[in-house]
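These notes open a run of structures that come right after.
What follows is a pair of complexes built around chain A, which joins chain B in one and chain C in the other.
And then the complex of A and B:
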């Protein structure tokens, strides 16, 4: 086996650094490297602002991947929502590589952000904001197909942004090429640091099509024709499991039963066993947060009473105090 | 239903029930109608005050505290006029005020803000 020197490696790395001359952007630093492309921080010289610039890797800039990147930018441009990172511009570099720029999100990835948040209601409210963005995309006929903690960013002001729409699929858009056999890639192509992202499924094109643990069974089997909104709902279920677990899904045992039932329904093996749409899933989570019964779980009488008490704790305590006081007054003053 | 109306209705209802509980005190049973009327009026005033407070201040603990204060003052005035039964009037009156204070914070719609 032959090893390359550090200098040779640096030279090779340097060759893939995009040449932004002739564009309004100045390259700053590498932000992330994904399965399809590389994201750099760049400075928009005209508007004097920092942007994120996504570009294909020099080595893999085939026509198909170029088309995918343009498609991703176009999909993102359609999805104007506070929970979806906005696209600013699309262009071509002097070397022919296509790039697009988007808002530079300063913040933390969901998995890192959750390390600071211990309150379950706060985590659930955060999850509901992810649901909002995904529901909006579904309403526009777009499936994300790669929802996972690494693809959600929480900004410095608490804004939640669903990122990486590189695998997004427009519903009712037939693309027979995507039904090709799926193969597995090693984890280094996936987002670094995400413990739950062991490996990534790719199509014959070499483009990421989901993440084990977060992708639906039909997606994992490569049944492209079966992929629907319910596939994203499966991923949201896995995401909910991740969000509500303390650090890892193993701690899921401590979760309240209704919440486990919501995860279970969202992650049902068969798509028709899952929630019909993201709004139904979000409604169940909201109802759980409000102390109301949920559609995914039928509770017994004790659980109903417990929930009633939790919901009306102050009123019950005040009324009890009144009754106890009334009884004491009658008993001690008028014997 | 707005907060003032909730305070008014709940205050009147709880005041009436509270007044009705005087029936268990044989010494005042003969004056039960007057007691119920007075207690209802007291609850009604406390309820309106708590409702108005809830429109201005959005805080459950402060709402309960305000209800307690209003209930206490009104009940004290009634007991003072009666020259007695301080505990029997002030204690329930204050707790009814707390319940109304809580309910006006928890339920009822805030007034709509006018668009410029």
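And then the complex of A and C:
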């Protein structure tokens, strides 16, 4: 029987995890497993800090997926923004697989984080921070194409980070592989409210291109040439719907009509029916938060008055109190 | 005679349950499987812990397994209280202490002669490991040593079974790549190096090794399952075996 060295034992015990020997990283625990790769927590021995290490699954480390992972790292490297997880390093393991490391985000996934937040304004402000990051990426010519609650993390200091840019597309880049016809694979997790969504749309080449429920109709139909910033806006609309849906008993009233209108406009079937850019969407949400009229919704006179009252509630109450007092003084003085 | 590398779990029942069986053939096969998995870790452990000469340690090891059989020690094993591995180590400790104290070892064997015990091979391995007993004086270190030797024994027999499996499936190349990369442990060997050496693409090397690793894991888990006294123990042992390398 073959004698197995200690080194061989270690390798065999860890045969399902990557071998980081020869790199500056030491493997820690498994963090997440996705359709394309696996994310581990690792320790950067040189800088003595914890990082997240993303690597393709051993069995699926084809050249196409390797190229996709490198592309993802390069896209992330271009997007230096507080709302986008920064990439630190790219490298190759002894087994030939490419990996990249990024900031290790200690926090909660958006869907988990929202369980602690019941205030609608707080939730909307959080959504606005997601919009900031996506607007920044769009300004750099990058589309995310897979915005969903599972791809947003909220850090321990409340910082919001948009993660998993594996399906991102650079607008000026032509990619022949992506111009193939896309086939939609039906999924049970097609509702925006479903918290366990998986990217289940694949092209003829097996390339994942979105998540049912959060992906725009043009993405679902595989109209690659029609995918634009407005496709991400559709996903943001679905995300806004998710963020504003509250299961807690004290918040079971219907969503305000203006917010429903914002979601509706962001998620319009036709791209030209949606907001032109993320800033317009964010502006409407901000105006709603400030009690101002929004572009997506025409109010009737009562709604205008109601909003006017809500916005100037204190002043109106003070003036009313003053007038009542004045009336009472005059009344008793002339008696 | 049963080779230590031969797989026991034909019926997939626990070796502990089979060892308690009324069926003598079943019992004999189960004990053979148990000896195959544990004799070497126990021999090495006794050699180190009690600093016994090879011949004495061999006698104690054989005597221990004979005692296990004669006194039906496995029937007293309670999976709820401890792991089989721990139980066997404690029994071996107790037996070795008595034997050393009495200094009256005699050749024993009984039914365990079904298994070929390659003590000289075990001695070679001990020498190759260059272990200094003085360097591991604490009981905890010896327990860790025993655990590691148990894993080595389990994995060695798993590798043998994987090799046979690959041969029957015409997957010799997958086994050869797995052996080069995972078993021989050449420093800084990459999949690219293996691809060049074997005239394959990196993707092919990757796929071959990934397949062999999956099969290795499957066989190891099957063997482990047969060597555990309960599902809970199996779950704990599986975690120890494949889960603790991520610290």
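Of note:
By definition in this document, the second predicted complex is superposed on the first by the 293 of 335 C-alpha atoms of A that agree within 3 Å, B and C clash if a C-alpha of one lies under 4 Å from a C-alpha of the other, contacts with A are read in each partner's own complex, and residues count from 1 in each chain.
The criterion applied here is as follows: a residue touches a chain if its C-beta (ideal position, glycine included) is under 8 Å from a C-beta of that chain, and two chains touch if they have at least 3 such contacts.
Given the structure is predicted, the values throughout are model-derived calculations rather than measurements.
Of the two partner chains, chain B is the only one touched by A:319; chain C is not.
After overlaying the two complexes on the shared chain, residue contacts for A:80 are found with neither chain B nor chain C. When both complexes are overlaid on chain A, the residue A:329 reaches chain B alone and has no touch with chain C. Contacts of A:29 after superposition: chain C is touched, whereas chain B is not reached. Contact with chain C, but none with chain B, is seen for A:63 once the two complexes are overlaid on the shared chain. Of the two partner chains, neither chain B nor chain C is touched by A:106. With both complexes superposed, C is the one of chain B and chain C in contact with more chain A residues.
No residue of chain A lies at the contact with chain B in one complex and also at the contact with chain C in the other. Contacts from chain A toward chain B in the complex involve residues 314-315, 318-319, 321-322, 325-326, 329-330, 333-334.
The touching residues of chain B, counted against chain A in their complex, run 21, 24-27, 60, 64, 87-88, 91-92, 95-96, 98-99, 102-103, 106. On the chain A side of its complex with chain C, the touching residues are 1-17, 22, 27-30, 58-59, 61-63, 92, 94-97. Within the complex, the chain C residues that touch chain A are 4-5, 118, 121, 124-125, 128-129, 148, 151-152, 155-157, 159-160, 181-185, 188-192, 195, 202-203, 205-207, 209-210, 213-214, 216-217, 220, 241-242, 244-247.
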